[in-house]
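Read from first to last, the chains carry the letters A, B, C and D; within each, the first residue is number 1.
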Amino acid sequence: MYLAALIACGISGILILVRIILGKTTFDRILAINSLGTIIVLGIALHGFYSGRPEFLDIAIVYALINFIGTIAVLKLFSTGSLGDIQK
Amino acid sequence: MELVKDIITGVFFFIGSMSIIIGACGLIKLPDVFSRIHAAGMIDTGGTAFFLLGMIVQSGWSLITVKLVLIGVFIFFTSPVTSHVTANLAREKKLTPVGKKIGKVL
Amino acid sequence: MISSAMGIWNYCIVFILMMIGLFLVIGRKNFLKKIVGLTIFQTSVFLLYITFGKITGATPPILNEALDTVYSNPLPHVLILTAIVVGVATTALGLSLVLRINSEYGSIEEDDISAQDLVEYHDEIETSKEFNTKFIK
Amino acid sequence: MISELLINAFLVTVMLAIAIALLKTRTVIFTVILTSAYSLVAALMFITLDAVDVAFTEASVGAGISTILFLAAMAYLPKKEEENFSNQFLPALSCIILGAILIWCSYDLPEIGLISSPIHQHIVPDYILGSRNDIGIPNIVTSVLASYRGYDTFGETIVVFTAGVAVLVLLQNNKKNPKNTKSKINKIDKKVG
């Protein structure tokens, strides 16, 4: 059961990776990277249950946080031109 | 009792797997950014919700359930924010949707 | 048989990743790409180390209640934990060097920078020649 | 048992695909995004290889802080990489030869996951027993990192501090002499003509 779910995650991960590599605009890639992060969060949780020690879900929480922060940082750089306060 | 739990988890996992695969196919197949956001939203809502529900049914009342609920709540709040910011920026950068010509609506 | 094939496959891909990182470092002229290649090289070395420490059927090295559990090898994990943190310090130092080079030369391409250095060197030689001729006369 | 190895092989192949895409791209922001994805998949691979703490660190440092450092540096750098295919043959040839030698040597390495390979024999059983009996911390990695190998961690702290000081010194000098290339070229032009 867990293995089937993991295989589904793998298939959709491959499809999303195709979109990341082929994507035309930057927004496509950012969207696909965000979806890949979500898939990886699910994969970590499922792998914990599959291997019999589901105590390591903290890593999945950190992943969700890092994924959100990375996406927002890329989008901010894309909209304002810098991450910090100095702008030429 | 275990059998009932397993069956419920299997049904949830099936629905979740279908929604993430359909979402990933949509990310490839749909024509432009504004329609691909729907597919990404399908992964973020349908996939995570059903997978996490299935795992909650398996784990019962424990600390693991709390962590799973935390993941669910976090993705539930951050996914719409990301989609909104992406769509907003794509509109600011003058990307126009494929298909019908948009008139004075936007 | 398939397990041995999988073992060799893992090592092969890790070595190919390492070579891709090395090619990005020595083959590309852009400095940012060189730093990205350094990151890829580092991550592949980490993967190689962690692969050595894996035992099939074992659990992560966090102690259980049961006494007969088989744990994976924790020693590579410790080494790599140190290496990751040092790696991000290296990345930050390299990026600040690239920023400094960009503010000095206005470009981060290797050919461009060496051409500017050549022009400056030529110019210095010319001025020293003028100086020498004036001074001798 | 075989499924673990299959999952590992799948993930490492995904990483190879990302690295090949990195070889082909010329846009800087796409490079940064792909590096972030590479670190994410690498951290998932660390989890499947039982290295939980390493995955934690790689996710927060490799995928989080590195990406943000790259983005913060990218704001001041040119957005496109110049294409020049001039001098690529010799590096590619040397990389291929070195990779072939490494893969040829890898046939002598022990198989993945064997409990009888020499790395698992010598000192690690002592660490595991000592962490349970002497130190009393359930996480073996923490007890090795802070107690058995404490001086290594101290040296790592010194290295990180030195790097931070070096970054500060390099970036502080940034605004004092804004010598631009164009002004330099103009000066050269004035001298010449």
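Here is the rule we use: a residue touches a chain if its C-beta (ideal position, glycine included) is under 8 Å from a C-beta of that chain, and two chains touch if they have at least 3 such contacts.
Just so it is clear, the structure is predicted and the values come from calculations on it, not from any experiment.
Engineer: Computing the C-alpha centre of each chain, which chain sits at the greatest distance from chain C?
Structural biologist: Computed centres place B farthest from chain C.
Engineer: Once every inter-chain C-beta contact is counted, which two chains account for the most?
Structural biologist: Looking across every pairing, the one with the most contacts is C-D.
Engineer: Could you put a whole-Å number on the gap between the CA centroids of chain A and chain D?
Structural biologist: 19
Engineer: CA centre of chain A versus CA centre of chain C: separation in Å?
Structural biologist: 24
Engineer: With chain centres defined as C-alpha means, what is the inter-centre distance between chain A and chain B in Å?
Structural biologist: Here chain A and chain B have centroids separated by 12 Å.
Engineer: For chain B and chain C, let me know how many angstrom lie between their CA-based centres, rounded off.
Structural biologist: 36
Engineer: By the touch rule stated above, which residues of chain C touch at least two different other chains?
Structural biologist: 59-60, 62
Engineer: Of all residues in chain B, which are in touch with two or more distinct other chains?
Structural biologist: none
Engineer: What are the residues of chain A that contact at least two other chains?
Structural biologist: In chain A, 13, 30, 55-56, 58, 78 touch at least two other chains.
Engineer: Tell me, which pairs of chains are in touch?
Structural biologist: A-B, A-C, A-D, C-D
Engineer: Would you mind writing out the residues of chain D in touch with chain C in their complex?
Structural biologist: Spelled out, the residues of chain D in touch with chain C are 1-2, 4-6, 8-9, 12-13, 15-16, 19-20, 22-23, 28, 31-32, 35, 38-39, 42, 45-46, 49-54, 57-58, 61-62, 65-66, 69-70, 73-74, 76-78, 81-82, 84, 88, 91-92, 94-96, 98-99, 102-103, 106-107, 109, 111-115, 117, 119-120, 123-124, 127-128, 131-132, 138-141, 144-145, 149, 152-153, 156, 159-160, 163-164, 166-167, 170-171, 173-174, 178-182, 184, 188, 191.
Engineer: Under the definition above, what is the set of chain A residues touching chain C in their complex?
Structural biologist: 51-53, 55-56
Engineer: Which of the residues in chain D end up touching chain A in this complex?
Structural biologist: Interface residues on the chain D side: 3, 7, 10, 14, 17-18, 21, 29-30, 32-34, 36-37, 40-41, 43-44, 47-48, 52, 55-56, 59-60, 63-64, 67-68, 71-72, 74-76.
Engineer: Can you name the residues of chain B that touch chain A in the complex?
Structural biologist: Per the stated touch rule, the residues are 6, 9-10, 13, 16-17, 20-21, 23-25, 27-28, 33, 36-37, 40, 43-44, 47-48, 51-52, 54-55, 58-59, 63-64, 67-68, 70-71, 74-75, 78-79, 81-83, 85-86, 89-90, 92, 95.
Engineer: Tell me, which parts of chain C touch chain D in their complex?
Structural biologist: So the residues of chain C in touch with chain D come to 2-4, 6-24, 26-30, 32-33, 36, 39-40, 43, 46-47, 50-63, 70-78, 80-82, 84-93, 95-100, 102-109, 111-112, 116, 119-120, 123.
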